[in-house]
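Please read the structure below before turning to the comments.
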Amino acid sequence: MAGNSFGTLFKITTWGESHGKGIGATIDGCPSGLAISEEEIQQELNRRKPGQSKLTTERKETDRVHIMSGVFDGKTTGTAISLVIFTEDADSSKYESMKDIYRPSHADFTYDQKYGFRDYRGSGRASGRETAARVAAGAIAKKLLAGIGAQIYAYVIQIGDIQTRRVDFEAIEQNSVRCADPDCAPEMESLILKLKAVGDSVGGKAEVTALNVPTGLGDPVFDKLDADLAKAMLSIGAVKAIEFGAGFDVCHMQGSQYNDQFIRQNDHLVTKTNHAGGILGGISNGMPIVFRVAVKPTPSIMIAQQTVDRNGQPRLFQLPAGSRHDPCILPRIIPVLEAMTALVLADKWLIQKTVKSS
Amino acid sequence: MAGNSFGTLFKITTWGESHGKGIGATIDGCPSGLAISEEEIQQELNRRKPGQSKLTTERKETDRVHIMSGVFDGKTTGTAISLVIFTEDADSSKYESMKDIYRPSHADFTYDQKYGFRDYRGSGRASGRETAARVAAGAIAKKLLAGIGAQIYAYVIQIGDIQTRRVDFEAIEQNSVRCADPDCAPEMESLILKLKAVGDSVGGKAEVTALNVPTGLGDPVFDKLDADLAKAMLSIGAVKAIEFGAGFDVCHMQGSQYNDQFIRQNDHLVTKTNHAGGILGGISNGMPIVFRVAVKPTPSIMIAQQTVDRNGQPRLFQLPAGSRHDPCILPRIIPVLEAMTALVLADKWLIQKTVKSS
Amino acid sequence: MAGNSFGTLFKITTWGESHGKGIGATIDGCPSGLAISEEEIQQELNRRKPGQSKLTTERKETDRVHIMSGVFDGKTTGTAISLVIFTEDADSSKYESMKDIYRPSHADFTYDQKYGFRDYRGSGRASGRETAARVAAGAIAKKLLAGIGAQIYAYVIQIGDIQTRRVDFEAIEQNSVRCADPDCAPEMESLILKLKAVGDSVGGKAEVTALNVPTGLGDPVFDKLDADLAKAMLSIGAVKAIEFGAGFDVCHMQGSQYNDQFIRQNDHLVTKTNHAGGILGGISNGMPIVFRVAVKPTPSIMIAQQTVDRNGQPRLFQLPAGSRHDPCILPRIIPVLEAMTALVLADKWLIQKTVKSS
Amino acid sequence: MAGNSFGTLFKITTWGESHGKGIGATIDGCPSGLAISEEEIQQELNRRKPGQSKLTTERKETDRVHIMSGVFDGKTTGTAISLVIFTEDADSSKYESMKDIYRPSHADFTYDQKYGFRDYRGSGRASGRETAARVAAGAIAKKLLAGIGAQIYAYVIQIGDIQTRRVDFEAIEQNSVRCADPDCAPEMESLILKLKAVGDSVGGKAEVTALNVPTGLGDPVFDKLDADLAKAMLSIGAVKAIEFGAGFDVCHMQGSQYNDQFIRQNDHLVTKTNHAGGILGGISNGMPIVFRVAVKPTPSIMIAQQTVDRNGQPRLFQLPAGSRHDPCILPRIIPVLEAMTALVLADKWLIQKTVKSS
C-alpha cells in the first residue's frame, strides 16, 4: 500500500532502487495459457534501455530480464509472474558527495520529508530506472492484448518548439527520436544534440493511440478508462499533463462543435469526429483511444544550479564532469507510455469479462 | 469493483441514478472524533445544486443530505458514514422517447455496449447527478483537512475564449461563474447566457490550488499525489485534460528554465518558482499544489443533431422543448473539483501517518 | 478501509448502527442483467428478522428492504446496487443507563479503546443488526449462484450438548431451530426455552453445505476458497471457530486415512471420501463444500454480572427487566451463514471468469 | 488479484514455484526506519527449512534469503522490500512420471481445472515451499511488532492422539517437535518417527499466543482481527480449522459461563477468564490473543494409493523410493503460523494509527 502496485485484476507490484541489487515486477492475475518468452520481454526493454543512440545517456546497461516464476513450458501458468533485472554495474561513489544536497526538481527533499531519510544512490527508488520494471510487465500485457487484436502506439509529437505535422506509425521506430513524423525527426534530433552539447535538457509531447480496443472497457464512476489512463501516465515521473481527444481545446469549443456524431459504418457504429478520444462516459466506444502527455525536461543538467542542503544551507549544485544523463527523455519514455497503456487496457479487458451475467 | 469506490484509507463508495430513488455515498475510514453536521455538508451541496443562478439549469432540486450512520453526538464514530440524498421529483416521462437513441457525446452507446442495456432515465448512473454524492463525501474530507490547516480553492479561469488575468480567491464565490478574476466574470456570464439563448453550450478551464498541504503526501511509485489527483479529476465526466504546475508548457522548456530552485524561507524550504505544481517525485513539497483541468461543453444542447438509434438507423435527435440543461457546467463543477481534491488529500494524509516507524 | 467492505469483484460495503436511521449495503460489481426483486431479498431477510418464533427475541422489526439503485426494469444494471432498511422503531432510552458500563463479552470496551468513544445505543455498529445488510446483499449473490445451479444450505447441528445424528435439507425450514435433524429439533427447542426462562443463553454449532459449486473456484496462495470462507464466517460476531471437511479430527488422522481417493463417476472425477470438504489447494474440486462453525452463547443475559465502568470502577450489570434478547442466536444466524457463503462463492466465480487466457 | 497478495497497509506479494528459479516476497508498506538485516530474516527461515532434524524431510535446502531492495544502511527506506530465495538444487526429473496423475489430497486436479494445465514439478506453486516467502516477510513484521513489545508464540499441542497438558514457552525451541509441553515432546517424536518408518504421516494441532498486543487492533465489520487471522491461517495449505479462545467448546456453554468478566488490574482492564481469546467485537482487548489450528497429515506418503490420471483412468500412485517428505509438517509449520500472525498484527497496528482524528 505504499504505492508500488498498479491494477486490479492484472496487477503489478514493482521494486528496486537505481543502484540496488536489481529491480523487478511481480504480475498477479495474468491469465494462464499465454505464450510468453524472455526474448519478447527483452525486446521491449531494449527500446527503453540507455545507450541506444547518441540522443540518450551513454550509460551501458544490458537490462537483461529473467522470468523467475509463473511461466512453464513457455506459457503463463496463472500464478504470480516474477520478472527480475539484476543490476550489473552500479558505481555509487559519485553520489556520496550529493547525499546531503537537494537537487532541483529531484525528489531528494520530498523523500527525506516523507521517510525521514533516503537511499541517495542514483536517486534510489525515485530513479527513472524503475520504469524498466513497468516495461517488462507491460510487455506481457501487450502480448495479452495482441491476442484480441488491440495495438498500442506511442510516439513523439513535439520536442521544444518543434511540432509534428502528421502521424505515420511506420516511421516511429525508424528514427532515434521515436517521432511519428519522419520530416520532423532530424530537426528534433539536432535540437536534442545541441542542448546536450551545452549540458541542458528539453521537454516535449508524446501521443498515444490505441487501435482495435473493444467497446465496453472502463468502469464508471471512478474507474473510468480515461481516469485510470491518466493515473497511469501521471505516475510516470516526468509526465506533467495529459489530455484526451480534443483535450485542452475543449475550453474553446461549443457543444455543437464538440459533440461527435454517431454514424453507421460497415455494421458497426463509429463517430464522424473523435473529440472524445475514443472514450464516452469513461467507457471505450470502439474509436481509436487517443491522448497526449507533456514530458518535462530532464532535471539532471550539467549547468550549475543554486539550491540548499539538508540543513537548509545554500549550496551550488553541479553534476560531476562526465556524468551521463539524457538531454531529452522522450525517446526512451515511449515504451513506458505503451507499457502503462497496455497494463490499463489488459486490466479493463479482464474486468469486462465479469460484467454481464449472461 | 465496478468502479464505484474511490480512495484507500479514506474510501468512498457511491451509488444512485439520476431518476432513481436517491443517490448516496458511504465513507469507510473516516477517523473518529471529527465534528460534522448535515448543515456543513449541505453548504457544499448547495454550491453544486441546479437552479442556483440564471447560468445553470433551472431544474429545482433541494438536494437535501441525510447522515444515515457513522455520526453520533455530532462526531464521526469511526464506523461507516452513509450519506443519502433522496430524489424528490423526477419526471422520467420525456426520456421514454429517447430510450433507443444514442445521444451524441453521451454514454448511451457505451453503457449499452458494456452492460447489454441501460437505465435511460436522465442518463441513469452516467448522469452528472452522481457528483452530488462526491460533493457530500468531499465535505467531510474538507473538514478533516481544515483541522490541519489545509485549504482548497477551485475556480474558473477560462470560458470559451475568455481567459482570466489574475486569481483572487475572495472573488470566486462573489460571481455566478465562480471565476477567480472579477474583471472577467461579467464577460463570461454574458457569453454563457448568449449560448444558452441559442441552445448551445461552451467549455472552459478551471484551476485548483491547495494551500498549506503538509510535505510528504503521496506515494511513489504508482500512487503519486499527481497520479491520484489526475485519476480523481478525469473520473469527473466532463473533464478531458489535466496539467500540473507548468503543465503543457513544459514541452517548450529547457531544464535550466524548468527546474525549481530550493531556497530557505523562514525556517522552511520553498522553491523560487513552482513549475512542479507543488509535487516532486509524486510527493507534496510544501508549495501550493496547482493544477488545471479542461471541461468540455455540456453535451446536451437544444440544437438538432444527427445520430443513430440502437439498431444503427440514422435518427435526428433533438431535446424536447423546455428541457433544462446547463449551457456551461463550470460554475457547478467547481465544488466537485474541490471535493475530489479533498478526498485525495485526506486519503494521502491518513496514509502518511503510517509511513515512518518512529 | 475501516473494514466495512467485503469481496473483490462482487464487493459489498455495509453501514448502519442498531439504533440509527437505518442500515444498508451497497453492492459494487454485481453483473448486469440479473433479475432480482425486493421480494426475493425480503424473503431472506424474513428468515433473519427478530420475532419469527418464540425462540427468538420478541422485538418486532419488519426489516423492510428498499432497492435504492442499480436495478431497472427488474434487472441489475451493472451499476452500484444500494439496499436500505430504514429503522422503524428504536427506543434508545434504556441504553442511557448503560453508556458508561462495559458489558461482559460485548464490544463496548474495545470500541472505546479503538475509537475513543462509541455510539452506545443498542451496541451501535457492533450490534448483530448489521448482519441484516449482509443477508440482503447475500440474497443477490444467491440469485446469481442459482443461475449456475449452485445451492447453499446452512443448518444447526448442535445446541448445547444436543447433537444431530443426520442431515435432512428438507427439514431445516420445517422447525424453528433450523435444525437439519427433525428428531433433534424439539429437544433443542426445549433447551432454548428452558434457558430463556432462566435468563441465560446457549451456544451451538452450524454446518454449511454448498452443492454444485463449479471446480476451479478459489485463488492460491492467500485467497484460497477456504481462507476467504473462514474470514467471511469469523467476521460474523458470534462465530468463534470454523472447520472444513474433517476439521479438527485431522489432528488424529494419518495420511493414509485422510487422503481422499479420486475416482471417476459418470464422466467426472469425484473423491471417495470428502475429508477435504470440497477444497484442494484452496480451490473447489467439485465435491460438496462442507464446513462447520461454532457460535457462542448470546452475551446478553438477564442474570446480573460483575463488570466495570469506563472509569474502571466495579459495577454490577443487569439488563433492565423486559429487555428482549435471543437466548440462542443460531436459528437467526443460519441465513447470515448462507449469505456470507454466497458472497464468497459469487466473488470467486466472477474472478474465475478471468483466469484463463483462452 | 490472483491471490498472491496479503494485507492492506503492510502488504506482501509472493511468487515462486517449488522447482522454479526461486521464490520471493515483496513487502509494500513497511514503515521506513526499521532496522533489519538478512541475518534476522535468515534465523526465521532456518526454523522452517527442511533437514533441521530427523523428524523432517531430509532434503537439504539452505534457503538463503537476499534483500534485493528497500533497505539502505541497515534500515528500511519505506519503499518496496524485495526478498528473494534462489533455488539451489531442484531435481525435477522424478516428477515427469507424475505429471498426468492426480495425487490424492494434492492440488494437481484443482490446478488443472482452474488453469487448464499446471507446473507439475514439485507441486509448483501449490508446494508448501511457498511458505518460506511468508516466513521471510513475516520476520520483518515480527521485528516491527517487537518495537512495540508484542510477542508471538506458536507451538504444537497435539500430534495424533498425544495432547499436551501444559504450555511452557521456553520449551518450544528446546525440542524438535516444537511442542510447548516438554513432557510430551519425546512421545510425539516417537510417534512421528514410527509413522515415518512405515511411510505414513500424521496430523496435529498447534496453538498461537500473542502477548502484549495493544488494545484497539482489528476493524469491524468484515476486517475483524479474528476474521483476518482466520483467513491468514486457512491460507496455509495444511490448515483445516481454527478456533479462538474457547473455540468449539462454546457450543456447550451458556452465556453465564462464557462471558468474560471485566476487572481492574494495575490500572488497566483485564478479564477474569479469556474465553474470547483476546478479541471482542473483532478488536483486541489487551488480553492474550489465543487460537488453535488443525493441521492435516502430510498428503505425500510412501504407501501406494488408488487414484486417476488426467484422462480419468484409474492409476495406482506410489512415490518413487527414496522420495523425501515430512511425516508430520507441524514442527516446520510453527514459524509459518507465527509469520502469518505477525503479518496480520503489523497490518492492523498500522491501520490503527489512522483511526482517530485527534
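Letters A, B, C and D name the chains as they come in the text, with residue numbers starting at 1 for each one.
Simple rule for what comes next: contacts are C-beta pairs under 8 Å (C-beta built on N, C-alpha and C of every residue); 3 or more make two chains touch, one makes a residue touch a chain.
Everything numeric in this text was worked out from a predicted model, so none of it was measured.
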> Which neighbours does chain B have in common with chain D?
Replying inline: A, C
>> Please tell me whether A-C or A-D has the greater number of C-beta pairs in contact.
In response: A-D
> How far is the middle of chain C from the middle of chain D, if each middle is the mean of its Cα atoms, in Å?
Replying inline: 26
> Which integer distance in Å separates the CA centroid of chain A from that of chain D?
Replying inline: 39
>> For chain A versus chain C, what separation do you get between their C-alpha means, in angstrom?
In response: 46
>> Could you pull out the residues of chain B that touch at least 2 other chains?
In response: 1-5, 8-9, 14, 29, 32-33, 78-79, 114-116, 125, 220, 351, 355-356, 358
>> Which residues of chain C touch chain A once you look at their complex with the stated criterion?
In response: 9, 29, 31-34, 76, 78-79, 144, 147, 220, 350-351, 353-358
> In their complex, what parts of chain C are in touch with chain D?
Replying inline: 1-6, 8, 14, 102, 104-107, 109-111, 113-116, 125-126, 130, 158-161, 195, 200-205, 215-216, 218-224, 226-235, 237, 240-264, 267, 269, 271, 275-277, 280-286, 294-301, 303, 305-308, 312-314, 351-352, 355-356, 358
> So in the complex, which bits of chain C are touching chain B?
Replying inline: 1-5, 7-11, 13-17, 20-24, 26, 28-30, 32-33, 66-70, 72-73, 75, 77-82, 84, 114-119, 121, 124-125
